[in-house]
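Both of the next two complexes hold chain A, though its partner changes from chain B to chain C.
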Partner chain A sequence: MKKEGKEQLWKDYQKEIADDRYFYVRSCVRQNFFPGSETAFLKILQEELGKDVYEHPCHTTCTGIGYHADVVPFDTAMTVVARQFAIMTESGYHNLVPSCITSFGLYTEILETWKHFPEVEARVREYLYKATKRDFRVPENLAHASDVIYKFRSEIAAKGKFRLVHHETGRPLKVVEHIGCHYAKMFPDKGVGGAEYPYVLTGMIEEWGGEVVDYPERRHCCGFGFRQYLVQANRGYSMSCSHKKFESMEPYAPDLILTNCPGCPMFLDRWQYAISEMEGKTYGGDGQGIPVFTYEELAGLVLGYNPWDLGLQMHQVACEPVLDKMGIPYDAAAKYLDKHGHSLGQPLQPQKLKV
Partner chain B sequence: MIGGGIAGMESSAHLAAMDYEVTLLEKDSRLGGKLLKWERLFPTMRLGSEVLAFLNQGVEKHVAVHCNTEITEIHRKAAAFHIHTATGRTYEADAVLVTTGYDLFDARKKEEYGYGIYENVITSAELEAMFAEGKPLHTADGRIPKRMGFIHCVGSRDEKVGNVYCSKVCCVTAVKQAIEVKEKHPETDIYCFYMDLRMYGMHFEAMYKQAQEKYGINFIRGRLSEACENIDHSVLLKAEDTLSGRPLKMSVDLLVLMVGFIPSEGTKAVGKMLGLEFGVNRFFKTCDQHTLTNVSNVPGVFFAGACTAPKTITNSITDARAAAATIATYLEGKAISARTIENQK
Partner chain C sequence: MPDFGFKLQKDRQIDFDANDRSATRAIIETEPTFRLCIACGTCTACCSAGNFTDFSLRRMITGLKRGNYEGVRAMADQCMLCGKCQMLCPRGVSTRKLVLAIRKHIR
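Entry: the complex of A and B
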C-alpha cells in the first residue's frame, strides 16, 4: 500500500466544514443503539471546544430510512427536510450538522437535486407553505457530525488524556475504519477524502495515535443495507455481509473498529455475537470480539470520559480490551449501574463470545 | 508540422518528397512520440524501432527538425502563420499541420482500481516499458507473477470518467501483451476482463484465437467493479462474469490496466492558440467525419494522427499521407481543395 497515493487523492476531496454555530439534527435510531454518542458529541463541541450547537425540540426524522426502504416518496422526504431547514432558518442558524449518515446523504441528495432542478425546489417550497405556512433558506454549510469531529481532531488530541496506543508497549492500536455508505458513495466530493479511500475517520485515527488497517473488504457494506435487514427474509444476507468483512479483516488482527453511521456499529457489533452463536467463531483475541465504536465514543475515550457515561456497556462486544490497551481506568462494578447508582440489570452471557 | 510523432514524421516526409519546405517542431528531445515507448507492435510483434527507422528514412536530411521546441504563441499575419517558441525563435508557414497526438488516460482517476495506491497495479504502458527495458516481469517485491489480470477499457467507454469513446488499440494490445507474458513465463496464468473484444483489424481475430488456443489465456466478459489489496499485497478483483451471470472474486499477483487515449495537453494548447474547434470527446473536430477528415475550421490548418481520435499506428500513417496530399492541393490552390460538403449536425 502506497500511502502517498492516498494522500494525493485526499487532496482532491477536501470540503468546507463550518467552524461554529451548528444546527444539530439527531438520528432516529442512534440513541437506542448507542445512547451516549450524541450526548458525547454535544459535550465535546459545547464544553470542550466552546462551540455554539443548537438542537430544536421540534425537529423530526428526515425520513431517510423510509426513503431508502422505498416506503416514503421523494417529494414527501423533500418536504420533511424542507421543514427541518425552516426551523433552522427560524432559529437563526445556517450550518446544518446531521448526526446520521443517511440523513447527511439525503440532505446532500436533495440540495443537489434542487441545484440542478430549481423547479423542484419551488414545488417543495409550495408544499411546505401549504402544509405549515413556513419558508426556509437552504443551509450555507452541510457537514456530517463526523466531519465536525474530524475538523477538530487536533484540538481533541491536544486536550486528550489517552491515545490510541498500547499504554505499556507504545504500539499504535490497529484500527479498522468503516464509513457509512451514504456518506460519500453517492456524492464522493461531499465526503472528506472521497468515496473510495475516505479520510474522515482515518484522519481521527492517525491524529489520535492509531494505525489504520486497510483490508480487502474495506468498502463492503456493514450488513445493514436497509432492505437487507428491514426485510426479514433478507437478514441472512445482512449477516453474510458482516461475516465477509470480519473474515477479511481477521488476518490483520485489528484492535477495534471505528464507524460513522448509525447502522454500521450496530451490525458490526451485534452480528459478532450472532455469528459466534451460529458458527462458534469469534474475531478478537482469546474468544472475544473486535470492539466497535462510534467516532463520538472514541473521541470521548481520548478525552478521558467515563466509558459507562459514554454508554459503552450497551455494546454487545465488550469494550474493555481496548480500555485496557489504552490504559483507561474504569470501574467494572459500575458497568451496569445508572447515573443514580441503581442497577440496570445484567445482560445474559453469550455462549461463545467472551464479554 | 507541430508534433514529431508518427503522423508528423510521415506527413513531413511526404511533403518534403513533393519539394515543399517542411519544418517539424517537436517539444521532446527526440522524434517518434509514443512509438518510442512501445517495444513490439500488434499484430505482427514487429519491433516498434523498425517502424521508427522506416519513418526516419523519410525525415532525415529532408526535413528541418527542431526538437526541444515549445510553442508559446501562434498568430496569422496576412497569409502566413507566425509560430513563436519558448526559445524566442519564430517560424513562418503557409500551412500548419497539427499532429499533437494523444496522452494516456491517468489511471488514478479510476480510484476503485487502486493505481498509485496498490503496489501491484500497473498500466499497460508500464508493462511495455518493462518489455522495452528488457527487465524480467516482476511484482513489486520482485517475484514472477503466478497470476496476472488485464483490465480492458480503463478510461475508455466509461461515462463515469467522461470518456464515452473507444480507444481502439487497447483490446488488441492486451492480447499482444498477454501473449508476450506467456512467451516469457508460460507458467503464469492470465485473465483478461473485457466488455466486448473489438478485433476489427486484419489478423486481430486470429491473434485473439491464438491467445486462447495456443497460450491458454482466459478471457472473462465482465467489467471490474473494484480492486483491493490483500495482506500479501496481491490484488483482489471483484467483477461479474456476464456470460455465466455470476459474480466473480479472484486474486492476481499483478494487475495491468489497459489505459486508453485522451487528447494530449499539446492538443489543448495548440488548439487554443489557433482557435481550433474541439469535438464532443475533446479531440479536434474535423470539418467532416467522412470526407474532410484532415481539414480544420481554420483555413490553412490541418490535422493528422491521433489528435482527432484514437488511431492505430497503421491508421496514423495512412492519415498522415492523406494530410500531406490535402496540404499539397491547398498550397497549390487546386480546385479539389475547395470542395465542400453539407454540414451534418
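Entry: the complex of A and C
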C-alpha cells in the first residue's frame, strides 16, 4: 500500500490517550519472557517524563489467557476485570494502562459489551458486590502501554542518546513492526492507526530515526494464539505462523523486529532458534537471527539505558548486532552478571543459530 | 536436534508469484478454450474414468491455474478421451484437446 493511503487510514483511526495519572496493570507473562520491559516502562514514565503511574499490589490476572483458551467463562472474566476496575477506583485513578495486549483486548471487549448491553454490566456489578462488596467506575480512558509510549515518542526522541540509524553510515535501520492481534484486529477504532496498518509502532520507529519494512505478511499473526501453544503437539501451528512471517520478511533484510505484545516477541525470538534446529535456517546475517525487541526495550536503548539492565541478555537471538549498529556501548563480560556482579550462569549454545 | 515434540507444518499457501506457470501459458496457447472453464465440475461428474479412478479434470485444471503441476501428468494419462465431458461442458471447453495439450506440455 502506498504511503499516502496509509496516512489517510491513520487519520481515520486516532484515539485519545490520557496525558497523566495512569493506573498500570502488569502482564501475567511478560515478566518471565522479557523481565526488563515493564520496569523500563515505569522508569521512562516516572523518571524521564515525570508522570504519575500507580501499581496496586492486589492486581491479578485479567484471565485473558484462560478466556481465550476457553477455560474461563466470559462472566467470570468480566467479574475479575470488574475487580481490577474497583481497585483502580479505590486508588483514585481513572486512566487504565494495561501492559498486555490481550488484557487490552479483553478490557476493550468487556467495555464494548457493557456499552451495548447495560444489563450485562448490571449483572457483573451484582456478581462483584456479592463476592467482594466492591463497586467500581469504568475507566475514563483505556490505553495500551504502547499507546502511552507512542504518545510521548517525541519527548523520548528529544531526550534520547541514540537513534535507529547506523552510527557509522547514517543509514536508517530497517525495522519490522509487529502488532499483537488483540490490539486492533477485534476493535480497529481502539488502536492508533486501525487494524490494517496500525501506526502505534510505526510512529515510534519513524520518530526515532528508523525505516519501517513493509512486507507481504506484515499483519499475519505471530502464531501465539493460546490454544495453538498450550498443547505441545499443536505448537507446530504456532511455529509455522512465525516461519511464514520470517520467510516473507527475509528478502527485506530487516535489522530488527519491534513488537507490542507479550507473546509476539517471545515467539518471534524463540522460534528462530527452533527453526534453526529443525530446518538449519537462520534469518539474520552470518548465521545469526533477527533481533526482536519490545517497545519498552527499544525506548530504553534510545534513551541510553544499559542493555543488560533492560534484560536483553534473556533474548534467544543475540541483540548485539543492533547495539553495534546503533553505536551503543556495552560490556560483553557483564552480559550474564546480576546487579550485584554475581554470575547468572551461561546459557547452552544452539547448534545452528549463532548467539 | 532436540526433540521438540512438534514440527513445522508444510505451508499450503498458493504463491502465484513463486510458482512457475510457464507450462500453463503454453497449454493456453495450444488450447485457448482452457480460459473459458468456470470450474463447475460437470466434466468430473460425468467422467467414466473418474468413476473408477481418482481422475478429475477439474482438479487438473485447478492445479494448472495455480502452477501446481504435481500429479497432473499422471492424471492426464488416465483419460480415455471418450469426449463425454466435451459434450456436456456448458462453456464449450474443448476438453479432449486440453488433455492432449497437457500431455504435450507437462512431463
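Here, the second predicted complex is superposed on the first by the 354 of 355 C-alpha atoms of A that agree within 3 Å, B and C clash if a C-alpha of one lies under 4 Å from a C-alpha of the other, contacts with A are read in each partner's own complex, and residues count from 1 in each chain.
We adopt the following convention: a residue touches a chain if its C-beta (ideal position, glycine included) is under 8 Å from a C-beta of that chain, and two chains touch if they have at least 3 such contacts.
Remember, predicted model here, so these are calculated numbers, not experimental data.
Student: Of the two partner chains, chain B (first) and chain C (second), which one does A:Y197 touch, if any: first, second, both, or neither?
Tutor: first
Student: A:P73 in the overlay: touching chain B, chain C, both, or neither? Say first, second, both or neither.
Tutor: neither
Student: Could you tell me if A:Y215 is touching chain B, chain C, both of them or neither one (first, second, both, neither)?
Tutor: The first partner, chain B, only.
Student: Looking at the overlay, does A:N234 come into contact with chain B only (first), chain C only (second), both, or neither?
Tutor: Touch status of A:N234: second partner only.
Student: Is A:P251 in contact with chain B, with chain C, with both, or with neither (first, second, both, neither)?
Tutor: It touches chain B, and chain C stays clear.
Student: Applying the document's definition of touch, where does A:E279 land relative to chain B and chain C: first, second, both, or neither?
Tutor: second
Student: After superposition on the shared chain, which partner residues are touched by A:K2: those of chain B (first), chain C (second), both, or neither?
Tutor: A:K2 contacts chain B only, not chain C.
Student: Of the residues on chain A, which ones does chain B touch that chain C also touches?
Tutor: In the superposed arrangement, which is not itself an observed complex, chain A uses no residue for both chain B and chain C.
Student: Can you list the residues on chain C that touch chain A in the complex?
Tutor: These residues of chain C touch chain A: 1-2, 4-9, 11, 13.
Student: How about chain A: which of its residues touch chain C in the complex?
Tutor: Counting only chain A, the residues touching chain C are 232-237, 239-240, 243-244, 274-275, 277-279, 351.
Student: Which residues, counting only chain A, touch chain B once they are in their complex?
Tutor: Interface residues on chain A, with respect to chain B: 1-2, 5-6, 8-9, 194-197, 214-219, 251-252.
Student: In their complex, what parts of chain B are in touch with chain A?
Tutor: 108, 111-112, 115-119, 226, 228-231, 233, 236
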